[in-house]
Structure formats: structure tokens, C-alpha cells
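As C-alpha cells, here come the structures.
Next come two complexes, and both contain chain A; in the first it sits with chain B, in the second with chain C.
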Partner chain A sequence: MQSDIKRLSLILLFAPFALWIALLIILPHMGMVVLSLREKVAPRVYEFGFGNYIDFINEPIYWNTLLRTGSMSILVTFLALLIGFPIAYYIAKIAGKRSRGALFLLCLIPLWVSDLIRAFGWILLLRETGVISSFLTDIGLIDQPIEFLYNDITVVIGLVYTVILFMIVPLVSTLDGMDNAMIEAGYNLGGNGFTVLRRIIVPYAMPGIVSGCIVVFMMTAGSYLTPILLGGKNSSWFTEQIYDQFITRFNWESGAAFGFLLLAFTSIVVWIGLRLTGQTLANTVAKS
Partner chain B sequence: MASSTKNQAFLLGYRAYMAAFFIFLAAPLVAAGSFAFNDSLFPALPWQGVTLDWFFNDSEPKLGMFHDRRLLRGLYYSGIIGGMVALLSVFVGTTNAFLFVRGNFPAKNFFYILMILPLVIPGVILGISILVMASNIANGVEDRFNLELEFLRPGILLVVFGQFSFVTTITSLVITARLKKFDTSLEEAALNLGASRAQVLRTVTLPFLRPAMIAAGIVAFLVSFENFNTTLFLVGSESPLTITMYDRMAKVGSTPVLNAVSFFLIVGSGLLALISVVIQRDPKS
Partner chain C sequence: MNTATLTDPALEPAFDLECSNIHKSFGAVRAVDDVSFKIPKGSFFSILGPSGCGKTTLMRMIAGFEDPTSGDIQIKGKSVLNTPPNKRNVKMVFQHLALFPMMNVYENIAYGLRCIGTDKAEIDRKVKDVLERIALPDVADREIHQLSGGQKQRIAIARCMVMDPDVLLLDEPLGALDLKLREAMKIELKLLQHQFNTTFIYITHDQSEALVMSDHVAIMNEGRFEQIGRPEDLYHNPQTSFVAGFVGDSNRWSGRVTAQEGGEYRVETEAGLVMTSARAVGQGISSGKDVSIFVRPEFITARKTSSEGSSTAQNTLQGRVDSVLFNGANSRVLVRDPVGELIEADVVVTGGTEDLRAGDDVTLEWSAAQTMCFAV
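Take a look at the complex of A and B:
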């Protein structure tokens, strides 16, 4: 009787989970893969085959865009970690009790501001008629207005800006749980600042670092607005190719193949990252 | 002595770095928000004086956001979609929390990783995969039974499903974290005092989870509101606000009314985020 109730409640709890994962994640992705393996041979006539993937390999623009998206996303992830780690460390370990809460709040409040508004803000600052350009002309530093938009550096800065809080917030939580005595012990044993950072702090924070890196990498590789708006027509971001196939050319088969390629490529990068750092998905992203 | 001055110089440099970072963090938001108050037809310098026209003026050329029917419609649809996503994802997030904290079943770790997965799948891919499946079903039903299932075509319901598919991971994590802190002896005490299981759930466990559920609901609403990538593929004629804004930016170019919307959204989402943080804070600490 008691165990029947237990079993029933387990089934009732499992049902929403199973419906969610099966109907909105697993089946749609399987459908996407199946669709990507369909070749159009004539109007409304399809055949099974790898044609969409062969097209991808034969067209350098496609795979160049994917490689470019991947390598720029790795760069953005690395920069976000490099810039964000000291910020998180300051908030968690150096700031006084009062300012710690305030600083963390300053990171949490703008966390959910849309990419669109962030990119719009950058456009107003950086375009030829924008704030920075006109400020520099006003104080006489430059003669001609400068266009800061539509280049790769701006895209990278904009992407780092969009994702960095998703790096800092999990890092603060991880570092916050670290006992200060561990750092002091490191110094007492004769380690200098760099040794303590490398041998004690970073290993301790590794799950948080990897978790932040995974989320940031995936967000960057999957981002659409920031590269398009800040990079302009030549931003060559892979999500733009997917959109182009789906919406503009109405070639869903090829768009589905591109979607699968993006997913496979980013998953492989994440898998390699987990392998290199000796972490697993369960003890990193799941913990944050 | 020498090391303490060196340390102080280091700390000073560190503080300067922190200050620079927060300026970097604020600059685009300040730019996006403040031009809403510039009395000019373009969101650019020079500053022409302060106005509230971009919020409240009711006629062209300075049509304020609260009189712009398309923007208001976008805001309305975003609100409806966000509310539905929040309700659904908090419900499933709560059942997931009980499932993974209390339940014992085979391959639990595997299922837990499945639960995390939607958070790291790029939103564009969630969007196209759900679009493909919904269209396949709708086309199949149409071919076989000659029945048009309108709700499986791009529109509000698909947008809700698309956002719900990954927002639920966030709500599940927030509520799970809270449920893990729950002291089960409280439930046992209530059971010993003669309460039924349903009563315990209603009067002891759920009130304990309430702050996390509210916070998760707010975060779900915010993520839904600002989402663009997944929504883009699933949207029908009822465009939510981010899509409407993007269209306006692409077609009309940047106009200060977009700054007014930005200001409204930055302040609104900031306040909601603040509430979600405060509500989760332990009264003790």
C-alpha cells in the first residue's frame, strides 16, 4: 500500500518531466536530423541522402563561417574568463561585507537585459555619428568622425559584453564557498600570489570556471543579434546562415542540416573542454 | 614597509580595474536609456534638452511609446507569453525538483543531465527543431484527415513551447537548490502531529519553497521577455516586443522611441531582477 503510493507519486512526478524532455527536446531534435537527411530531387519529391551535408562541405563559405563562429566564440569565452575572473574574485574575496552584496547586485540586475538593447546601446556609442566619435571630434582629438562599427573587434567586444555576467555570477558563487584559510595557508607555506592563484584558487574554482565557460561558449556560438547588429552584413555568423536557409530561402532541409552541424560542432568543443579539464557536465553546469 | 606600499598600489590598481569594468557594464545601457529623454529626432549628440515626448506624446513625428500601437501590442504579447512561460515552467520546475531531490529511480544521473541539456542547446536550434516538428505534425494531419491544426503553425503557442523548453531548466535548478536545503524533520513532525501528506505539502513544504518558486517565475518571465533567438523562428503574426523592436530598427533605423522602450525595459527588468534576488535571500543572513 505504502509502496504503491510511493510508486504512483513517482510516476506523477516523472510525467511532466518526461513530456517536456520527450516532446520538446528529443523528438524535435530527431525530427531535425531526419529532415536534414532528405534531399529534394523534384518539387515535393524527396529522397534519403546526405546531400545537404555534402553541399555544406563543397561550399567553403559555409564551413568557413562555422569555423569562424567557433573560433571567435572560443576567443570570446577566453576573454570573458580573463576579464571576469578578477571581478568575481574581488566581489567574493576582497570586497568588504557591505560592498560585496552591492557589487554582486550590480552584476545581477542587468543580467536579463535583452541582447537587442545591449547591441542598440553599443550602436549609439560606436557608430559614425555616435557618442564616442562625436566626443572625440569635439575635443579635437580627431578631425573626421570614425566608424567603430562593422568590424571584428567590435563584434568580439559586444559579445564579451553580452555574456560576461553569465561568467561572473557562477564564479562568484563558487569562490564565495571557498574558505579563506586555504588562501592564507598557501601564503604561509611560502607561496607568492601567482603560485597561490595557480595551485589553490584556480583548482578550487574549476567547476565554476568550466560551468561559466560552457554557458558562455554556447550563448556566444548561438547568438544572433549581437554579431548581426554590430558586425553588419559581413559578420558571417553561422546562426545567420541557418536563418537564411530557413526563412529567406525556405530551404528547411539544408537549414536543419546546418542546425545539426552547429549543435554537433559546439558539443564537440564542449566535450573536448570537459575532457581537458577533467570535469563532467553534472558537476559543473548542474551545480550553478 | 615596502611590501605594504606595494600592496596598496596593487589594491588601488585593482579598484581602478573594478571601476573601469562597471563603467563598461553601464555605458551601453546608459546610452540606450538616456537618449529617450533627448528632445531630438535622432538618438545622437548634441543634447537638445530634456523631454518626455518619446514616452507620452500622441502625434507624429514624435510618437511616444505609450501611443505607438504596434509597440504596445508587442508589449502585450510579450506579457502574455512571459506569463504563460512562467506559470508552466514553475509548475514543471517544481515537480522536477521533487522528482530529483526526493525520488529514487534507475539512471537518475542520466535523467538529471537530460534536464540540464536544454540550457546549453543554442536557442536557434531549439527554435528550428520545434518549428520542424510542429509543422510535420500539422502537415501530416492536414494530408490525412484534411484538418487544419492552426495552433501548430507559428504563433503564440509555439513561442510559449519554444521558450518553455529551456526556461524549465532554469526554474528546475532554482527550485531544486531550495528543496535540497529543506529539513525533512519538519515534515515528519507535521506527520506525527496527525497531518495528512497533502496537508503537509500544502502547509509546510510548499510555503518553504514559495520564495524560490516566485524568484524562478520572475526569472522565467524575464528570460521569456528578452528572448529573441528561439522566438524568431516560431513567431506568427503576434510579434512580441523584442521582435517588433528589431523590425523597427531594421526598417526605420534607430529612433528615440526605441530608446524609450529600452529605458522602460532596463528599469523594469532591473526592478524584477532585484525583487527576485531579495525574495530568495535568507532572513537570517
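Take a look at the complex of A and C:
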């Protein structure tokens, strides 16, 4: 009787999660697999085959876009780590107890505004008639207005801005768990600032660093709005290709194949990253 | 008392650590207030005090993690005030040890040597040597989480000792251990200190740790040193009422001097007990002065009133045993005195018929020389 109630409550608690996974993740993806393995032989006639994947390999622009997306995402991840680590360190170790909460909140505030609005904010600042360009012309630093939008640097800046929070949060939580005495011991035994950072703080924070990097990399590679709005036509982000196949060319079979390729590609990058840092998924993402 | 120093002429003049007139304020709070002391080479020195007395702040200043507001710290005769913590040859064993969990035992010990650029063969030799000295020769390849509490303790000490420090600071490192292990580690620490022959400064709030291990103990209270001395001096000749109350157990009364005759004082407690004291500490104790009175339980003899025996003690009291606190060789009785207070006295419990039992009428006796009075 007692165990029946226990089991029932367990099932009820587990049900929403199971339904979510099954209906919104597994089922659509199975549909996508089936879809991506259909070849169009004639109008409304389909055959089973790997044609969509073969198309991807045969068309350099497709896999070039994928590689470009991957390498730029790695760059964004690296920059987010480089900028996020000192911020996280400040919040977790240097800031006082009271200012810590306020600083964390400040990091969260941009999330209250939608992606779209934030991207338009950047556009307002960076476009030819935007704030920065007109300011520079007004003070006489440049003769003609400059277009800051629609280049790779702007895309990278915009993406770093969007994702950096997801780097800071896991870093703060791992650094927070680090005993200050460990850092002091590092100095006490003769280490200078650089040695303590390299041999003690970074190795200790590794799970947080890896989990932040995984989340940031996945989000960047899968982002659509920021590269399109800030990079314009030149951004050639892989998600744009997928969108094109689905919406513009109405080629769902190829779009599904591309979607799968993106998933496979990012998974392989994450796997390589875990291998290189000697971490496992269990002690990084699952922990923080 | 604050400027007390160890001026034992038998000690060699070389001091490993010398602190003079150290002050440290955090805002309006005076954490350390005019502390001066010298620690001779190779001795085991403890700083004993209740939590919040400033002992940790004092130690962090010696290690270089805090700067004194004023005063000077000298190690081997050289001021280290402008030396950053990583350049001071003072190593520290942290309260929770702060071993690096991402490194194994070997790497933990080698860390400091790598920082100062020792070559690889030398590191190998030194790590092996120090592991042998702490009697753990086979743990070099273990991870930190595979060690027991006592082993971690010894690795933390080895990690410091491999650097051959002038002074080793220990910040209550036994606090996290269970009782049995703590007792064993006390003796072990003392032996290690002998073996390395390095000056140890041990911070604790546990008096038995300080008394058992130390050559000298400083009692610290509210940022000041109350008294510095050998453990037996602190116990038998406390200079302030704080030391008398903090070190060891005491029966304590507040009272007033009613008469003075030669070196003897008649004192009366607030509840009306009258006793004789031959040990007044502090200036200006005379008739009419308020005093604190301390008598240690081991100096009070409790004897059944019915039993034969004449008394030579200056102080006697009649009472009734309220309860017997059996603790092997450290057994005690709580005796209800005529004014209703409880007095502790040590007794020997043999298990025979002569033992005191609750409800027995007893006579308490103690000498005037063991009745200490301190001016309030």
C-alpha cells in the first residue's frame, strides 16, 4: 500500500519530464531522421536514400558554412571564457557578500529583454547613422559615417554579449565552492599570482569552465537571430542555411539532414573538448 | 601584561620570530591590540584564546595575508612588513588543511618546490625524504580524497616542511578530527616538531592541545596577550583572573576582602561563604576591595564528615554530595555548600564501599595557598 503510493507519486512527478522529452524532443527528432532520409525522385514521389547527406558533401558552400559556423562559435566561446572568467572570479571571490547578489543581478538584467530587442539595440549603436558613427563624426574623428554592422567582428561581439551570462553562472558556482584558504595556501607555499591561477584556480574551476564552454558553444552554434541581424546577408551562419532549406526553398528533406549534421557536428566538437580537458559530462554539466 | 616577553636567559638569543607592538584594526574594531612577543628558535609556541580573540588575525599577519595597522614583525631578525606572503619563509597549515584536491600527494608536496624553481631530481629526493620523515613513504601516488584524516594532516605538514621554513604556523588543524585521532595527533605533532626542529606556532582554542604540546603558551583575550609562560606556570601561577578562569577548571566566586593580616586575606563571597586566601594577585588588594576567587577542584579534598581525621587546612566547609561525576581517574563530586551553591572537588573513585555517594555529608578542605584572589 505504502509502496504503491510512493510509486504512484514518483510516476506523477516524473510524467511531465518524460512527456516533454518524448513528445517534444525524441518524437520530432525521429520524424526528422525519417524526413532527412527521403530522396525526392519526382514531384510527390520519394525514395529512401542518403541523397540529402551526399548533396551536403558535394556542395562546398554547405560544409564551408558549417565549418565557418563551428570555428566562429569556438572563437566566441573562447572570448566569452576570457571575459567571463575575471567577472566570475570577481563576483565569487573578491566582491563582498552584499554586492555579490547585486552584481549577479546586473548580469541577469540583459536576459529580461528579448534577444530581438537586444540585437536591435546593437543595430541602433552600430549602424551607419547610429550612435557611435554619428558621435565619431561629431567630434571630428572621422570624415564620413562608418557602417559597423554586417561584418564578422560585429557578429562575434553580439554573440559574446548574448551568451556570456551562461559562461559566468557555472563559473561563479564552481569558484564559489573553492575554499579561499586554497588560494592563500598557493601563495603561502611560494607561488606568484600567475602560478596560483595556472596551477590552482584554473584546475579547480575546470568543471565549471568546461560546462560553461559546452553551453555557450551549443547556444552560439545554434543561434539564428544575432548572426542574421548583425551580420546581414554576409553572416552565412549554418542555421541560416537550415532556415533557407525549410522556409525559402521548401526543401524539408534537405533541411532535416542539415539539422542533423549540425547536431552531430556540435556533439563531436564537445566530445573532443571533453577529451582534451580530461573531463566527463557527469562532473561538468551535471554538477553545476 | 601585553608587552610580556620570554626573557629566559637559558634560551639562546636567536629568535625566529619577533613581533613588537602589533596593532590591527578593522574599522572601529581592534582585533589585535599592542601585542609583543619573541619566539626562540626551535620551540613550540601556542596562542590560546577563545574564538574571536584575534589569534587568527595575528597569525594571518605573520603569514602576510593581512598587514598590521602598526607595529613590526621580524623573522630571523629581519622585518617582513614589506615582503609579500609568497616571499616569506613562513609556511602555514590551514584549519581545513587546504590540500589541493586536483593534485595527488606527490604534486601537493612538490608544488612549493616547483614555485621556487627546484630541479626535478632534487624535488624527487626531497619529497621522498619528507614522506619518510612523516612515516608515510608509500602514499606519493595517492589522490587526496583517498587519505584518512590523520594522513591528510601529516601531508599538510609535510607540504610545508619540505620548504624548510623558518616558522611553521598551524591554525587549529586538529579541529576537524574526531576525539581519539585528535589525542593521537597531539602527541604526533609534538614529535614531528622535535624531529624537524623548526619553530611551530600553534593557534587553538582548546587548552588541552596547547598545554600538552607547547613549550610556551600565550593566552590571548580581546586582542591582547594576557600572559605568556610555560604551561605549568599558566596553570599554577595565573597572573590575571581571565587566565585563571580560562586555563583548567576552577570553582569561582565573586567576593570582597574583609580583613588583611600579613600575607593572608579574609574574603567573603557574595553568598556569604568566608575563606582565607594566601595568594592575592594584582595591585591594591586590601580590605573592602572586590575580588574574584578561584580554587581548583584538585586542591579541594572531600571527606565524609562521619570519618575520623583531623584537619590542618585553613578552609573547611560542610556540605552534602549532590552528585558524583564518574570519569575514571578524573572523577568529581558536586557538593552543595551551606549557602546552596555547588562546589566541584576531585575524588578518587575506587569502586569500594568507602566511595562518596549522593546524599553523603562531607567536609571540604583546602589550603589558603591554593585560594587565589584577583582584583576585579
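The rule is simple: the second predicted complex is superposed on the first by the 286 of 288 C-alpha atoms of A that agree within 3 Å, B and C clash if a C-alpha of one lies under 4 Å from a C-alpha of the other, contacts with A are read in each partner's own complex, and residues count from 1 in each chain.
Everything below uses one rule, namely that contacts are C-beta pairs under 8 Å (C-beta built on N, C-alpha and C of every residue); 3 or more make two chains touch, one makes a residue touch a chain.
No experiment lies behind these values; they were computed from the predicted model shown.
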| item | value |
| --- | --- |
| Partners on chain A (chain B, chain C) - clash or fit | fit |
| Touching partner for A:D115 - first (chain B), second (chain C), both, neither | first |
| Touched partner set for A:I87, first chain B, second chain C, both or neither | first |
| Partner chain in contact with A:D179 - chain B first, chain C second, else both or neither | second |
| Touching partner for A:L136 - first (chain B), second (chain C), both, neither | neither |
| Greater residue coverage of chain A in the superposed arrangement, chain B or chain C | B |
| Chain C, chain A and chain B - angle at the middle CA centre, rounded to the nearest 10 degrees | 90 |
| Contacts of A:P203 with chain B and chain C, given as first, second, both or neither | second |
| Partner chain in contact with A:I146 - chain B first, chain C second, else both or neither | neither |
| Overlay on shared chain A, then closest C-alpha pair between chain B and chain C (Å) | 5 |
| Residues of chain A that lie at the interface with chain B and also at the interface with chain C | none |
| Of chain B, residues touching chain A in the complex | 11, 14, 17-18, 21-22, 24-25, 27-32, 35, 42-46, 91-92, 95-96, 98-99, 103-105, 109, 111-126, 128-133, 136, 161, 164-165, 168, 173, 219, 222-223, 225-226, 228-229, 232-233, 242, 245-246, 249, 254, 258-259, 262, 265-266, 269-270, 272-274, 277 |
| Residue ranges of chain A in contact with chain B within the complex | 10, 12-14, 16-17, 20-21, 24-25, 27-29, 31-32, 35, 83, 86-87, 90, 94, 103, 105-118, 120-125, 129-131, 134-135, 161, 165, 214-215, 218, 221-225, 229, 239, 242-243, 246-247, 252, 255-256, 259, 262-263, 266, 270, 281-282, 285-286, 288 |
| Complex contacts: residues of chain A adjacent to chain C | 179, 181-182, 184-192, 195, 199-200, 203-204, 206 |
| Chain C residues within the chain A interface of the complex | 63, 65, 84-87, 90-92, 94-96, 98, 100-103, 111-112, 115-116, 159-160, 163 |
